[in-house]
Structure formats: C-alpha cells, structure tokens
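Down below is the structure, laid out as structure tokens.
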Amino acid sequence: MSSVRSRDVAAVAPSFLVWTGFFFAPILYLFVVSFWSVRQYKLVTDASFDNYLLAAGEYRHAIVFTLALAALVGVVTTVFAFAMAYMIRFYAGRFGNVLLFIALTTLFGGYLVKIYAWKGLLGSTGIINQALLAAGLISEPISWLLYSPFAVVITLVHFLLPYALLPINAALRGVDDAPIEAARDLGAPPSRILIDVILPQCERGILTAFALAFFVSAGDYVTPQLVGGTDTFMIGNFIQSQFVNRMNAPVGAALAFATLLMTLLVVALLSLLYRRILKACAT
Amino acid sequence: MLSASEHTPLLRLTGISKSFGTQVALHPLDLSVARGDFVALLGPSGCGKTTLLRVIGGFLRSDQGRVEINGADVTDLGPEQRPTNMVFQGYGLFPHMTVRENVAYGLKIARVPAEKRNQAVGEILEMMHISGLSDRLPRALSGGQQQRVALARALVMKPSVLLLDEPLAALDLQLRKSMQIELRNLHREIGGTFICVTHDQGEAIGLANRVAVMNAGRIVQEGTPEDIYQRPSNAFVAGFVGESNILSLTRQSGSCRLADNIIPSSGPDGTVAMMIRPDDISLVEVKPAAEISLYGQLTDAVFMGDHVKLIVAAETGDTLTVHRSRQEWQSDPLESGKRVFASWSRDACHILEQS
Amino acid sequence: MTLRAACWLTFGILSAAFLVAPLALVVAFSFGENPHATLPFGNPTLQWYRELFAGDDFLAALQNSAIVTSCVGLLSAVLGTAAAFGFTALDRKLSRLGAQLISLPVMLPPLVLALALATAFSATRIPLGLGTVIPSHLIFTQPFVILIIYARLTAFDRSLIDSARDLGASSLQIFFTITLPLIAPSLIGATLLSMAISLDDFVITFFTIGGGMTLPTLIWGMLRTHLDPTINALGTLVLVLTLGLSVIAFKLTRYKG
C-alpha cells in the first residue's frame, strides 16, 4: 500500500508547492512584516505592535466605517439573494433556470466592467438621472447617486449578488417539500413556515452568502475608489495607499490583518447568533 | 475416458478469509464448483456473498486461502489476468461507448484482430438478441437491454467462470421473471459455469443447480435447491429459504416433546428447533391419530392471491402459519376464531440442531 | 396565477434586469456613436472597436492576457487534475483538510493576496512580469479545477473501472480509454472556468505584473486617465470573453447552480 500512497502524495505535491510558494509563504511573510517598521523607505526588522496600535487608533474610524458598510452590503445582498432563491424555489418554474443561468454566467466575468457600468448609470448625466428628469420626477439631477456610500453599496450588491445566490439556492433546494406541506397542513402562515421550517434549514447557505459578500466588500478598494468619491474611503483604500503611495508595507499589512481579524470575528459572532435571532423572530 | 481436468473442480476455494479492518467479512471457507454448474451464493445483505464473488473475480485479495481455476493457482492474479468475467450489479456499462464498442472492449484490449473481433461481437449480439441496438449508447437502453449488453460484454470473453452480481436486482418484477428464465436457458445453451450472487431465495432456487447459503461470513449450507428447501441443515437456512414455522423444543434421551406429541430424534440433550413448511400443515377438526398435531384457534386468514395464509394460535403459545391453495380455501373456508387441530406428518418435520 | 405569484414573478424579472442591465448598457454603448455614457446611443457604429484595435496599448495588453490566460488554464488543468486524483485516493479526512487549505486563497480578499505577493516578490528580488502573474493566478484558479474534478471523480462509477479491469485493461489503458474520456467535459469546463477567472482578474495582476498591462489593467488605466469611449468596446470584449468561457464551462460541467 505504501507505494500507492507515495504516488498519491506525488500527485498532490505540485499544487501544494505552488500554494506554499505563492500563497502560504507570502501571507506568512506579510504577517511578519506587519510587526516591522519603515525607515527611509527601507523595511526595518522590528517586533512591535505599533502598527496594530495605529490600526486601533488612527484608523479605527476607517475600520469601523468599512465594517459597517460591508455589513450593510452583506445584509442587503443576502436578503436580496434569499428573495431570489425563494422565488426560484417556490414560484419560478422554468424562469428560475434562466435566473440561475444569468447569475452563473456573470459570476466570474467583468469585475471592472460592472463597476464602471454603474459609474455611467449613476452619474449626474447618467441614465438614471436622465430617466428621472425625463419622467418629470425630479427637476435637477440627484447628485448623491454617484460618488457616495450609496453608489458603493449598489455596485457591490450587484457584483456580489450571484455569489450569494448560489449557496442560498443550493440550501433552499435541499429543503424538502414534505415538512413545508406539513407546516401548512398544521395551519402555519407563510411567514411562520419561513421562520420555523425554511430558515433553520438554510443556515449554512445563508451564512456562506453573507460571509462571502461581507469579506469581499470589506477588502475591496476598487469600488470605493471608482464610485465612492472622497467621502467613501474604505480601509482597502488606506491599505492600498500605504503600500503604493507611502511605501509603508508594515502599516498596510497591519491594517489588512486587523481588518481580516475583525471580519472573521463578525462572521463567527453571526454564526453563533443565527439560531437565537431566528428564535427571537419566532416569538 | 474422462480427462483429469473433468475430475478436478473448475473452481476451488480453500480457506478463503477476508476482513476489513476489525470487521470480519469472510471466515475461512471452502467452495468447489464443477464445470457447467450454475451456483447461487444466497444470503442476506452483509453476509459476505459479494465479498466472496469479488475475491473469486480478483477484485479483492483474500487475507488467506487459495483460489484455483482449472487447477491453476490464481490467488495473486488481478481481475485482468483471470479467466473470469463479471456482470456488475449496476452493469458498469461504459457510458461513452456504443453497445458494440462496449462488447468489443475486452477483445480490443486483448488485441484480437479486427475481423475476428467483429465476428465474435456480432455472434454474441445475435445470441443476446441485441444486434439491432449495436450503435446505441447505454443510456438509450432499457434496464433489460443494458443487462443483455453487460452479459454479452462478459460472455464474449469466453470466461471459464461467469460471475453475476445481483444480476436481476435492478429490473422490475415482470422483467425479472422473464430474465430469470432467459439466464437459465443461456446457461444451458453455452454450457458455461456461472456463479451468481443474490439475496432473493426465489431467484437462487429458480436459477441455480447448486445453492450456497451464506450468513455472517460463512457458507452455512450448500446443496441442490431441493436439498436447501426440503432439508435445511439449520434454523437460519430454514428461515431464510422459503416460509417456515420454527418451534423450539427440548430433546431428552432421544426424543422431543411437543404438547402431547412425542417425536423421536437422536442427538444430545438440549434445545432444538423443529421446522415445518406452512404447506405441509393441514387444519382438521378431529385430532388425527398418526400425525403430530397442536390444538389451537384460527386467528386470521390473509388472501395472498394464489394461496391463503392462515394464522393459528396454538395452545402451546406458538403461532403457526399455514398455507392453503385458493381452490381449497374457496370450497371449504374456515371462520376466524374457530378451534382446530393443526396437524402434519412426521416426514414433514425437520429437527434442526441449534447452531 | 395568484396575486402572490404574480408579485414574485415581477420581482424575479426586476432582479434579472438588475443583474443584466448594467452590462447590457456597456455593450449597447460600445456600438453607438454617442461617446458619452448617456442616451440616446446614437447611430450604430463599429468606430470604437476600430479605434481600440488600432491602439498599441490594446494589442500589447491583448497579447499579455492571451499568454497569461492560456498558461494559467493549462497549468491549472494539469496541477488541478493531478491533485484531484491524489485527493480521491488519499484518506478522506486528509483530502478534506487539503482541499480546504488549497481553497483558502479564494476566500481571502484579493487585495491582501496581491499585497502579500508584491511584498514577497520585492523582498526576494524576483523581477515582476508575466512570470510572476501566472503563478499568482494559479493559486486562486487551481482550487476551482480541483473541486470540479474531485467532485466528478467521487461521483465516478467504480464499477466502470472494475469492468475495464475485468476485461483485461491495465491502469494506463483504463485511464486513457475510460477515465479520461468520461471526465473530459468536466476537465475542459474547469479549465475554461480557470481561464475566465484569470482573464478577468485585475487586483492580483495589477500588483504582480510590474510594468506591463493586461486587458483589465488597461481598462483601469483608461478609467483613471480620461473617459475614453473605446472603454465600452474593451469592456464588451472582456465581458464576451469571460462570460463566454463561463457559459461553455458551466454547460460542459453541467453545473446549474
């Protein structure tokens, strides 16, 4: 048997070599760098928590703002995706396959295109304002559509919706008809069936969808930079600028890891509370 | 004059055992199969019958023991080197190959020249009545047709032993019945040696000329279908093959007592079981002198189609199942609750040693 | 149809529009004379495509993207398939842990990954270029190939392998006549998917390519400098390529969500 094993290990080895060399080692290195400092544009080996203190001090507002915005995107995306998946599961029939097909095809393509498409849509001369003006609903363009937190949220929701739809759809498809029909038979209204029967069975799918949307939003810097304007500086922008403009990798790294830690905490907390929130809704 | 090979069994297993981790799948067992036999390995799921079949086919190495085919030791050979071929439970047809390509696969691997190959494939397709399907893909075939392709694919290799793993399990009842007859005819026609695994006693009895009943990793009885049905050697076989009534008795100095009947039975003192087939019992109102009988009450009569199943609660506390033919029942029905004697001849009872 | 069902259907149509409309507009603008992203589109024209294809930047970016995408696709396919075969044969717990580890790069925000790679490349003085972009893409494309092929292999009917052995085939013969033909659709699908992901990547590429450009970094450059109307043509091109690859990939792997 040992010869078989070594052959199987050899088959896995190349993938893991690439993984170690281009993922594990660089991330580990970045983590180490987060405790270093920079003097005269040169990295200095150090072992201090100064960078993290900076993250907890000067950058606290940026981190909190980012987490709040990412959580908002996460919630909106998850609810939106759940509604779509619910519609696909219970009402759509064949149209559901069309929706899923759209979500799947737009999943892995056009990241930048999606962002600048919204830039064109939301601008003061953009199509949305044009349409609202033409309809006579507004007399002058709405200026806060673009270069605002609103623009960041809608762009990210659009980008993340397919990612959130797939796990929730899979979870909802796994919910049997029989318990739902039993609940109806016992006189439960749709809202109770949702809370008592469906949502508890979709825990994994919903949490996965939220975590995906939340993580990606919290780490994104392209969207706020392109459609967020000057008010919507997210932590990704600070991290990016620490590296690119200030050449201060240690501070950037510390900001990245601090944010990562916070996002993990939020998701862990949410998964702990999921059942309790449902229970609270039920009573 | 018979040649030597016709005296030695075609397949001989000696001391075969197999464990998976701590789970013993096969206790050391022996089995001989003569040329031309159709052997059924019969037993409940988990009894080790499929493991045994896979050991014979070479898909599993036994922990101990020898596998000989045609007198040659094949214990260490893989399935690709053994003169056996298998019809798999789900048929294992290659979904990306047509029927013809499926059947030709083994010959192609063996580098049989195209002309010979095509001829052999054509013949076997003809024989299995699937010539018309030769260009179809397996997914375009019905279950019965897939079954034929799987048989053709194995038989075209002219195996010394054809192994069949639950060959009829995936078919519906009607098809199963007709396929069963066809398998028998096929076996007779080509005169090969077949070993078939099944959990269905009716199938085993209907198909095979020898049945090996397996339980918990052992062969508990081997013999002709008649042997197995009429002379089960223990309570497990009696219970597994056909319906039976099994009564627990105590044997003391060469005889057993059942109510006021005394049945002679040689053997050591202790608890034994008595097996009576339901169709060997008759229900009468007067106690017959020469037969064994129990007094009791008819509690239920269940119409089963071709026969009626009667349940009798005996005074001894035992419950007996009795079969009566439909005609018999219709001409002379009994009311539920009626008190009757359930009686049977001495020939009809089989004393089984507790194992 | 009940009122409730009608409401849900309307919602479904609106959400489909929400997903598609922004992309459809980019495509529409790329074929209209109007150089601004406003209505009306103007007369149909291929002017923007002509201008785009005349640019040296575009041709260089296209070439780089082609190199990166095909290398990443090929390498992901080979590494991912090998790893998936290994995982199928290895102990269940071990392979699950392995699959989770190897999928970590997909979970991490691309920015963190990009900065880690850029920092590590600069520390080890590895010169940036396509040679650094390709392995950097590999770490987040190979998990998809591994997961798809692994799923295909675990669903693989063992009795086919047994049948082939029973009929005398060797391991190598079984691989080429049975296994490979049967997993081919998944393998090609997984490869195309990894190509779509690689072709679309902006963040990792931006930080690991150094001076060069790929199609997404070219879009970025256009966005940063001025509103160049050829951007719609370029965007449409990237969309068609990535979505096209995705569509074929999902058709081949028969993944329907």
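For the reader, a short list of remarks on this structure follows.
The chains carry the letters A, B and C, assigned in the order they are written, with residues numbered from 1 in each.
The definition used in the following text is that a contact is a pair of C-beta atoms (placed from the backbone, for glycine too) under 8 Å apart; a residue touches a chain by one contact, two chains touch by 3 or more.
Going by UniProt, the chains are A, C = Spermidine/putrescine transport system permease protein; B = Spermidine/putrescine transport system ATP-binding protein.
Treat the numbers as computed from the prediction; the structure is a model and nothing was measured.
Discounting chain C, connectivity by touch gives the groups A | B. Looking at B-C and A-C, the interface holding more C-beta pairs in contact is that of A-C.
Centroid analysis (C-alpha atoms only) places B farthest from chain A.
Of all chains present, the one whose mean CA position sits nearest the global mean of protein CA atoms is C. Chain centres here are Cα means. That of chain A falls 60 Å from that of chain B. Per-chain CA centroids place chain B at a distance of 55 Å from chain C.
The centroid of the Cα atoms in chain A and the matching centroid in chain C are 19 Å apart.
In chain A, no residue reaches two or more other chains under the touch definition. The set of chain B residues touching two or more other chains is empty. Touching chain C in their complex are the following residues of chain A: 4-5, 7-12, 14-16, 18-19, 21-23, 25-27, 29-30, 33, 43, 80, 83-84, 86-88, 90-92, 95-114, 116-121, 123, 125-127, 130, 158, 161-162, 165-166, 169-170, 215-216, 218-222, 226, 236, 239-240, 243, 249, 252-253, 256, 260. Chain B meets chain C in the complex at residues 57, 59, 78-81, 84-86, 88-96, 105-106, 109-110, 153-154, 157.
Residues of chain C touching chain B in their complex: 157, 159-160, 162-170, 173, 177-178, 181-182. Remark: chain C residues 5, 8-9, 11-12, 15-16, 18-20, 22-23, 25-26, 29, 36-39, 78-80, 82-83, 85-87, 89-90, 98, 101-102, 104-105, 107-113, 115-120, 123, 135-136, 138-139, 142, 146, 193, 196-197, 200-203, 216, 219-220, 223, 231, 235, 238-239, 241-243, 245-247, 250, 255-257 touch chain A in the complex.
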